[in-house]
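Below, chain A partners chain B and then partners chain C, in two separate complexes.
== the complex of A and B ==
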């Protein structure tokens, strides 16, 4: 019988998984990096991959439409992620209290998450409808709005409206993660703090907050990555309109690569987006680490 | 437990019995759109007849929104199991021909067929002297009007010029008949380009000059956008038009919230259908107006054709299917939402019956069809123009400024 060392066994067992990962992640990634330096065309990438060096990147960074779309994306990410974190944590705190109907509410929390993004986008498109939309009906009937409003047709509003649809769908993720963390806090700690005379606010900052900050940071990182890639909700709700006010980087990459068929330069745009995401994640991880060292 | 086992057995049984039958059939996959022209139901019925006549063929149909059609065709090109038959728009053959996405079928079309089909329809499938499919949908935008509202305002006949439309709409608004008499599909999509092209052709403009340089930013092209912007400023156009597609236009018009609308053929019978519309029976149709001293009517070429993808493994069968769908009898049977491409169909009482008004408008409209540019980089030029038009419609830029910027983008394209 052949005997392997521990390390060899580990590598042997890892091989199948590694092969799959290299196949489905590594190969496309390397190919994308390669294409980003070529003038490849979508119709026949293999015959059009003329090497152009950094030309695609230089062009991308000088493209005002692309820079606009980065700005739109940054705006979208900051609005939706911060709202998702705040609402998510507040909802988790609420659902951590004992009250009647808590189980039902906790179950309902899953609903938006379970909805496919495209369905969610269609639903909110209907809600925002300028003629028959529920939002207009609600706001006019309670007297908050004098006349029906075109929510997705106004360039100053559209990105906010899309962000709201995204917030509604994704705050439950933050809430669920936070809720799980909240349940690990020992009741004794809270009781001790109360006996020592700490008020609600003090209890939150000294006992609850340190316990949830790490899991919430994870949610923050996850949501930021996801929000930065936002595409489907935009594609369904506005297609980047009105007047490009909701055009995000992913939509720009999609247009470049698939509508204009320039996958070479599309790849360079995509990699710039990846680089920005990576920088954001690194910053977060660094912050979390710093947080861990101080507490 | 027992029940689920039984179900499993039944499912397995079904699989076993079903597979041999399927194995003998040739699968043909076809891509259509679910928007304007023929309805999904129409196409399914046409296909069912084809399958009945050809029992060995099984057609797998897929319906996508118009906006997704182009990208689907392009993306499926490098897929191992792509489509055999695709529906394509009049603005794509240049691009598709350049990159070899469609099969050249010039030798399959004989001169008799060429003679019998409308000239405007042929431009849909032709590029550089070659044919890349069969014309299937011959379509343009018409002016629809609510007869009741016009009568109420004391207007005896629909406008024949765009300035007359403004006058009539103003009259209807002033009398308080409807808040916004006009509704259009001016969302950031190809739909707004179709309306813009209609105005541009009426006002004697051009997209590109003979050398392919953009000229839409001046003359008729500029006047076209100014007209659109003015109609919003005057409060005549429903401001929501800026986020509307063709279906939104149909809904608004059909619910009696507009006196005039510009839309494709399919709206005529749907707006006159009591199940779909509250203004059924009061819907009039006319060719889109012209401009004084320049034109008497205007129209955009919005036709579409059926083609065989260059990578299809069943080209003969695909052609047979296309021939069936575009054949005269089939087109005449389904002439309610989309008019036939065959010249003689327009004399057939079966076709004309009940839609005489539509055919009268079609006679003028189809003859006046104005083409959008045929160039491989059309998609990008169109995108730039869509954004420019929206910026002007939203008031963030002056029409001339917006169009100049789009022209700069278009000038850099090859």
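== the complex of A and C ==
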């Protein structure tokens, strides 16, 4: 019988998964890097090998539409992620209290997370509907709105409305992470602070907040990475409109590569997005490491 | 003048009464220990004093101020928790100074107080560390230090030594006793460990099923337990309870005979012949393990079932005709083997008499 060393066995067991990863991640990535230096166009295969050097990157960084999409994305990320963090932490604090129906509410919290993004986007599109949307009906009936409005058709409002749909779907993730952190706080600590003379606000800042700040930071970075890549909710709700007001970087890459079929420059845009994502991921890893060191 | 006063204190959770009619006065500077088995209500009572649990009925006074409606933060009471409850993100100095920071004292004053406490508790060299970087005993000292910071009227300690190993527990017990003498602070200490209670307390409050079973100094409780619960709870190993019968004797005296032995002794019933000592009644005779002395002429007989050698002492477990697993404590090493027959003699002044229901019978054993 053949006997393998521990290292050989490990490599043997890893090989199938590594082959798959190299096939589905490594090869397309290398191919994308290659295309980003060419003038490849989907409609003319002859262009695939036309080498253009850094021209695509220089063009991308000088393209005002691409820079606008980065600005839109930054705007979307800061609005949706900060709202998700604030709402998520508040909801977690509420669900950490003892009251009747708490278990049911905790279970309901999973629902938005479990909903596919496309379904969530469709649902909110119906809610925002300019003709028969529930939001218009509600606001006109309570007297806050004089007439029905096209929420997604207004360039000043559209990105906000998409952000609300995204917040509704994703705040439960922050709430769940925070709730888990809150449950690790010993009741004795809260009681000790009470006896030391701390009021509710002081107890939050001195005992609760330091205990949840690390997990909430992780949630913040995770949500930032996800929100930065936002695509599907935009695709279903607005397709980047009106007047490019909801066009994010991912959507810009999609349009460049698949709508305009400019694979070469699309690849360069995509790699710039990957670079920005990598910075966010590095922040995430740094936070995880920092959290590991403090516990 | 009392430091604390509890008057007819009751506590119920729904229909369950967990604390019943507690009446207790604690003097300033006194070290009182609440002791009792798990679930007897001692921690609940402590938390009620702290203000962490509501009082269902009764009055609670701190000095001459009624306090049962006061919030915990206004009672001027500090507490040391079993888990230490140190703030993990703060240094030891910040932990000790935290109550002073909340009281908005000037920084200099806080620093001076922290240094003073650290010097009493020998923590000066650790003040910049965080709780996760120090040992269990040191954490315990920090928790005590934090409780001292505000010079509270009363310090409550909820099983503060139970997370420590045996050697450290002994060390901390001695340190606590020293600290109490040094500070002369009023302390209420909760434990289920009767050795801690006996060694630390000025007075012990024994709780059973939410009621006070007996209050007294450690020796009072050891020498004159009010019932079999207290008799068995105080003392290690616990008191042996032998069934006995009351017999008639000449000159209107009664005699007690331990059933299954020919050990018979007279009791003085001339003054107030108690109801419990009617001829023919069944009672219980309590004998502490250390008062059973092996003797060939001893009248309490049994068969050894097992022995435990502790070096300084030997515990001999034996079955007599009437009780199983009685225990005797012999000084030094005893070479007795399981299966051997053994006789014990007992000096009659060491007998404790209890009714069949477990209440102490007063008359003097002659």
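Just so we're on the same page, the second predicted complex is superposed on the first by the 254 of 295 C-alpha atoms of A that agree within 3 Å, B and C clash if a C-alpha of one lies under 4 Å from a C-alpha of the other, contacts with A are read in each partner's own complex, and residues count from 1 in each chain.
One rule holds for everything that comes next: contacts are C-beta pairs under 8 Å (C-beta built on N, C-alpha and C of every residue); 3 or more make two chains touch, one makes a residue touch a chain.
If you're wondering where the values come from, they're calculated on a predicted model, not measured in any experiment.
Colleague: Judging by the criteria at the top, classify the pair chain B and chain C on chain A as clash or fit.
Modeller: Because the two structures are overlaid on the shared chain, the partners are seen to fit without clashing.
Colleague: Quick one: name whichever of chain B and chain C touches more residues of chain A.
Modeller: B
Colleague: Figure out whether A:215 sits in contact with chain B (first) or chain C (second), or with both, or with neither.
Modeller: Neither partner.
Colleague: Quick check for you: in the superposed arrangement, does A:195 touch first (chain B), second (chain C), both or neither?
Modeller: A:195 contacts chain C only, not chain B.
Colleague: Which holds for A:172: it touches chain B only (first), chain C only (second), both, or neither?
Modeller: neither
Colleague: Touch test for A:207: chain B only (first), chain C only (second), both, or neither?
Modeller: The answer is second: A:207 touches chain C but not chain B.
Colleague: Between chain B (first) and chain C (second), which, if any, makes contact with A:186: first, second, both or neither?
Modeller: A:186: touches chain C, not chain B.
Colleague: Does chain B (first) or chain C (second) touch A:243, or do both, or does neither?
Modeller: In the superposition, A:243 touches chain B alone.
Colleague: Looking at the superposed set of three chains, what is the minimum CA distance between chain B and chain C in Å?
Modeller: In this superposition, no C-alpha atom of chain B lies closer than 44 Å to one of chain C.
Colleague: Give me the intersection of chain A's contacts with chain B and its contacts with chain C, in residue numbers.
Modeller: Shared contact residues on chain A: none.
Colleague: Hey, which residues of chain C end up touching chain A in the complex?
Modeller: For this pair, the touching residues of chain C are 50-52, 72-73, 77-79, 81-83, 85, 87-89, 98-99, 102-103, 146, 150.
Colleague: Applying the document's contact rule, which stretches of chain B touch chain A when the two form their complex?
Modeller: Spelled out, the residues of chain B in touch with chain A are 67, 70-71, 74-75, 77-78, 95, 99-101, 187-189, 239-240, 242-243, 251-252, 255, 257, 377, 379-380, 383, 386-387, 390-391, 394, 396.
Colleague: Quick one: which bits of chain A touch chain B in the complex? Just the residue numbers, please.
Modeller: Its residues touching chain B are 41-45, 130-131, 150, 152-155, 238-244, 255, 258-261.
Colleague: With touch defined as at the start, can you tell me which chain A residues reach chain C in the complex?
Modeller: Residues in contact with chain C: 186, 188-189, 191-199, 202, 206-207, 210-211.
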